[in-house]
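The following blocks contain the structures, represented as structure tokens.
The same chain A turns up in both complexes below, where it pairs with chain B and then with chain C.
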Partner chain A sequence: MNAYYAVFRLRRRLETQYRGAVIGGLICQVFFGLILIALYRALYAGKPQMLPFSHVATYVWLQQAFFRMLLASDAELMDKVRTGGIAYDLCRPMNLYGFYYARILAQKLTGCLLRAAPMLLFAALLPEGWGISLPVSLPALLWALAAWVLGLFCVSALENITMAFTMRTLDPRGMQAMMNLLMMILAGNVLPLTLFPDSWQPVLTALPHAQLLDAPIRIYTGEYALSQAGLILLRQAGWTAALICTGMLFWRRNQRRLVIQGG
Partner chain B sequence: MQTIRLYGKSMAMLIRSQLQYPASFLMQTLAQLVMEGGEMLAVILLVQRFDHLNQWTAGNLYFFFGLMAVSFYITECFGRGITGAFPSMVRTGQLDTLLLRPRGVLTQVLCSAVDPRRITCIAVGIVSLVLGSRLSAIRWSFPKILLLLESIFCSFWLILGLFMIEAVLCIYSVKSVELANTLTYGGRSACQYPVDTYPRTLRILFTVVAPFALVMHIPASHILDKPLFAWPAWTAFVTPLAGFVLFGVMYLLFTSAMQHYRSAGN
Partner chain C sequence: MSYIHVEGLCKHFDIRLKREKGSLIRGKKRVQALQDVSFDVEQGELVGYIGPNGAGKSTTVKILSGILTPDEGTVTVGGRVPWKERKAHVRRIGVVFGQRMQLWWDVPIADSFELLKEIWHIPDNAYHKRLAELAEALRLEDLLRTPLRQLSLGQRMRAELCGSLLHSPELLFLDEPTIGLDAVTKLALRDFLLWENREHHTTILLTTHDMEDIAALCSRVMVLGRGQKLYDGQLSELLSRYDTQRILTVRYDRMPVLPELPAPVSAVAENETLRLTCRTADLDMDTLLPLLQQAGTIRELIVQPQNIDHLIAAMYQEMGL
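So, the complex of A and B:
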């Protein structure tokens, strides 16, 4: 376990090195958030919905703040498979799945925390109807935080499966682009899941992608009542366990049939 | 004239080289299709829920979306040298080789890359334009067709010019400056909806600084017979030229930045 924690810490430090890029990305994200909210405001003005607008604004800001959680960013493995560098990883006295899981987790956690804090502060300072609103209650905030942590574990497991898939070909760019897109849409980044047609909701919220950010956000805004929160967390935990098991299976099978390129 | 022949030759060469790995190419092209299809799905879902956006009906919105998709991805396809490859050319010192050859730097950069995978994105845009035109019951006439083509052509130069902001900045700072992309990708996301959606500050930004409104929305609103401003009809033909103006300004900045270019070495 210590070894995995060391990998996690190393990766976390690496992620904090590029502060300039963080600030640039932050401004980008804020700009996108403002555009989206302006658009939804105009749409709401034309035809108000059951869902209060403050929920939509909050949804957008939380999605923007934790955007880095969804983004697949570890391109190193692909290079390693292509160049044969993966051989070094195979020599390590640790489980490869765990090794990459720790890396992904660190990257996502650090990437999020660095960006989320200043962004949420900014969103909180915006005027009514533009900014983020407070959580519906203190217990809701605590439940949402717990759900977010579970979401983080879940998304890392999901990405590890994508990586296992991409390991099988030498040029996984097409596959990866598709997985990323699926993630952005089904996790609610392109369009809040709450604005999808009502008849799609049961299916959408049951998918693993909805467990990452959508579930914690809905607990935060009060869309999911507190009495439901326990069940939601259980669903998240279920998906996380299932995805980790599937991922481990994939990685084990991959390792057996892996071809080391180059020399 | 010879430059155009050279351009054609390098395009043919690049496309042939990309087709060397047909399976990968196909997969990536398909991924682009799904990507742009996803963007369009978002618009469709929004329209389903909200019916309309200010005075714009569903068909109008598909038309605006299609216009942006076609223009933006034509630029990403043919302007790939600027939109994608340039920062890494500066960082690795690869740009030095271009300085030795008897052609302009910008020409060579544009000749150095093409991205045919975008063809599916352009196709989605065209489908959206046709759908929008049907649903909005546009009465097409020769001037309107001309106006649409002019708008797309000028948008190409506008978007290329906006991407050149990053190119100019990275000549000075060596590393790529993603911040500059707020105007390009942000502009794409924002201006696939008509500009009157947004509050004043954003409207000014997209009219004066990054004039998507002048190049796309004013002509499109004329084609839809719902002019954004009560200006005489001929102005719709003039405002898209703002795209050329922006490109011209960026071209001058680019040449002056190249004067300061210090190789990053290799």
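So, the complex of A and C:
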């Protein structure tokens, strides 16, 4: 077992410790899911859209179930960067980027898995027109799963860049507020990306945020045909690689000009 | 060449100032944290590194541990330049930053140690042997399954120290390791450090404001002030330079009749107790003792050097710090 896997395991365990947070998160996400669906039902009642409503409901539930993947940051890690506890990590024979990446990945994966199972079950039990639909086909489900894994890698890389910025600004709040806002909108959490105007789609789907949950959900609902799936995954992988490289570069530069303040 | 070799070390920090009224740009202030500091430390030495707040002690430690790059100067530790060969360098060092945490807050300390084991690539049996040894010396056996958040400050400090020593570093930097510890823990920690130094020949560089720590642990001290090295040598020699006063406390069985004392001695009487202060050079017990006996029946007589903190304060003052 190496250090990166060890920190992954430890962080995963830590995430399962906060049961209260899991339950609180669940209730909150269920609430938001219901509200959003009620909202879109009203929208459809006024002016029906091209997209079948079942797709919208499925989109909303999958977004809510995997919410922790998008909007959750490791407060302890942020604190470490902010208060200089990171000095200890610098005194260790390891790659800081990789170490933090493993830690972030563990948190996001565990956080959303813990919540996704009960959420999806709940959404499946809801009446027609409110709940989640089955995937369009079994291959689509498998492709969607693969795309979700890539999305997870991609979002962890994105988060690690935020962390690198925190090291410069010394306060994560401003950066985080901005990143969260972008995340909510561009990842399709507020309004499903599928409901944005068609002319926006080429831009929206090309952005990194669309690689996180939007891509796997569209494969799941069948909006992206299976023939396209390979290409979608390629785009996700491309963004992931680019974000990881950017993050590594930032960390390298940070390390060179780093000053741990205070005694 | 010596194990740690530092020559002409300089480091400055730019501190951004508050924007002045009417000005659009913020000014910068240059703070020289280290200025031409040189020293050598041999393997197995236990060196105290002292100086007032903001003297540059932590800056030196950060440079030596490879997390800060100096402006100028050469530094080698065991033949390596810390900030250039960071990974190879840190493999052999252990660090304790007294006011920062390396262990995880919400998990049992043993789990944090397991993670450190992987980070340092410690083989299984070496790890278990070392952990048993450290847990015994630091009295941690009963605490290993306790989450860090439930430990007291002293227990936490011991756990942090254990974490920093698991990989058996040959060089240990201790940055104020006894902050906030009770007397028993402090003594135990000192014993432990002496033991570690003796058993494993670990080189230890200790920064602290606790002069008792220094007195108990280090024969050699370096004094740093305003980024410059002001003294490097035996602690006893340093103290004797500033140890210019003696304090005599005389306790009588009843209120003494204050005798006429020679001029260099100043006296304060307080009920049955008489407190005399006098320069060490002027202390003449032959004349003083009969005079004191005339004043009444002596129950107790204590001759003390000045408190070590006073000595250091006097030294800092003389050095203009």
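The rule is simple: the second predicted complex is superposed on the first by the 256 of 263 C-alpha atoms of A that agree within 3 Å, B and C clash if a C-alpha of one lies under 4 Å from a C-alpha of the other, contacts with A are read in each partner's own complex, and residues count from 1 in each chain.
Keep this in mind: contacts are C-beta pairs under 8 Å (C-beta built on N, C-alpha and C of every residue); 3 or more make two chains touch, one makes a residue touch a chain.
None of these values were measured; they are calculated from a predicted model.
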| item | value |
| --- | --- |
| Touching partner for A:175 - first (chain B), second (chain C), both, neither | first |
| Chain B versus chain C as contact partner of A:238, first or second or both or neither | neither |
| First, second, both or neither for A:84, with chain B first and chain C second | second |
| Partner chain in contact with A:230 - chain B first, chain C second, else both or neither | neither |
| Contacts of A:14 with chain B and chain C, given as first, second, both or neither | second |
| Parts of chain C lying in touch with chain A, wherever the complex brings them together | 13, 53-54, 57-58, 62, 65-69, 86-88, 90-91, 93, 95, 97, 99-102, 104-107, 111-112, 114-115, 117-121, 175-176 |
| Complex contact set, residues of chain A against chain B | 21, 24-25, 27-28, 31-32, 34-36, 38-39, 42-44, 46-47, 49, 171, 173-175, 177-178, 181, 184-185, 190-191, 195-197 |
| Complex interface listing, chain A residues touching chain C | 1-3, 5-7, 10, 13-14, 17, 76, 83-85, 87-94, 256, 258-260, 262-263 |
| Chain A-touching residues of chain B, taken from the complex the two chains share | 21, 24, 26-32, 34-35, 38-39, 41-42, 45-46, 48-54, 177-179, 181-182, 185-186, 189-190, 193, 197-199, 202 |
